[in-house]
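Dropping the structures in below, format is structure tokens.
In the two assemblies presented below, chain A is common to both, partnered first by chain B and then by chain C.
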Partner chain A sequence: MKLSVLVNEGPYQHQSADSAIQFTTAALKKGHEIFRVFFYHDGVNNGTRFAVPPKDDRNITEQWTALSKEYNLDLVICIAAAQRRGILDENEAKRQGKDGHNMADGFRISGLGQLIEAGIQSDRLVIFGD
Partner chain B sequence: MAEPWEDDELEGPVRKFMYVNRRAPYGTIYALESLEVVLIAAAFEQDVTLVFMDDGVYQIKKEQNTEAIGVKNFSPTYRALEGYDVEKLYVERESLQSRGLTVEDLIVPVQIVDKDQLAELMEEQEVILSF
Partner chain C sequence: MPMLHTVNKSPFERRTLDTALRHAVKGAAILLIEDGVYAAFDGTVVAEKVKSALKDHKIYVLGPDVAARGMSEHHVIDGLQVVDYGGFVDLVVEYDKVQSWL
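And now, the complex of A and B:
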């Protein structure tokens, strides 16, 4: 089955991101296709490489990056939601005149159209949020 | 003339999208960012249905004044939906009544449906996004 995943909450405060990673991993291992993972609302905070959780805890962003590398996953962060919350890639930082960028490897920034396209192209859109 | 690859991007099946708005307009950002999705989605010419239920009915209440909380009042944007051909707006009856509201209190024309009708509408959808 062709699936897409929408992540609507940030890491650690809510379980949504963990559940999304676990679901995505399980689906891929079963041989399903993940068309896209889209991050919206506080979900965009999954994509910051500046988070430094305690060493004895999981690193959610690194889990996404690793998953993206292993399966060539398309991890898309909503630009409008990201701008509000200070998640920037190199281009966006330059464009907005900011002195740094924090987007982690494996993620890319794009528009909400990518979410709609995921809804159109996938057999199921599976949503993780409160 | 559109290039073939541009054409490809616009092609694809029209799907039935439903946006379920369940939260108050202020206090969290869900309502505002839901509306942003609906507006972008309208450009994709899909079959769009909006539902307002639970505290979500407050999103389309008339005469919102946000001055004292220092947040932008985005409720006029709901009136623009018609211009994007988003015309299927449903409000769940009990949510409206239990909050002491009637259709007269709403800024946009809506159809009132009960829970069973709403369940049927949901059955018909292909993609449901709940905010």
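And now, the complex of A and C:
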């Protein structure tokens, strides 16, 4: 079945980021297609490669990147939510005149239309948030 | 199949379990995840409400979130079904829609 996932919280706000990645992993292992994972609100904080959690802490961003490599996942970060929180890819950094970019591998920045499309194209949309 | 309602807040913190039960039609299922699993334990002040909801709904609880809170399946109310993340996925597939009460 074709599923999409919406993540509304970052790795350090609420358990929902952990729940989302575990659900996504389980769905992929069962052979379902994940059409898209959309990161909205504080969920965009899942996509910064500049976070350096202690070695004995889980690193959700690296887990998303690894999952995206293994399954060719479409990890989409909401542009408006990302700009507010300082999550930038190379293009956005250039466009906004910033001196660095922090988007992790496997993620891409796009708009809310991608969430709507995920809702329409997928059989189910599962929401994780606070 | 009717809807799957997920509840992720403790019934001692928020009213989302009540809201979910109020909106769930007969035959709809409830899945307790994250702090929502506190509603699944027997002997609490909400246990009777959960037991009576079993008449109209299948109620599931996410086992890893039960374990993460230092509890075990022995604490879970009889009649509730404990599932893992794979079981969560199966429920999402089995029911027509998923409503996440946040």
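FYI, the second predicted complex is superposed on the first by the 130 of 130 C-alpha atoms of A that agree within 3 Å, B and C clash if a C-alpha of one lies under 4 Å from a C-alpha of the other, contacts with A are read in each partner's own complex, and residues count from 1 in each chain.
What we mean here is this: a residue touches a chain if its C-beta (ideal position, glycine included) is under 8 Å from a C-beta of that chain, and two chains touch if they have at least 3 such contacts.
Remember, predicted model here, so these are calculated numbers, not experimental data.
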item: Superposed model, chain A: greater residue contact from chain B or chain C; value: C
item: Partner chain in contact with A:I127 - chain B first, chain C second, else both or neither; value: both
item: Footprint overlap on chain A, where chain B in one structure and chain C in the other make contact; value: 125, 127
item: Interface residues, chain A side, partner chain B - complex; value: 6, 40-41, 80-81, 84, 111-113, 115-117, 119-121, 125, 127
item: Partner chain A, residues of chain C touching it in the complex; value: 8, 33-35, 64-65, 84-86, 88-90, 92-93, 97-98, 100, 102
item: Complex contacts: residues of chain A adjacent to chain C; value: 1, 3, 8, 15-16, 19, 22-23, 25-27, 29-30, 32, 123-130
item: Interface residues, chain B side, partner chain A - complex; value: 12-13, 15, 17, 29-30, 33, 36-37, 40-41, 43-44, 46, 126-127, 129-130
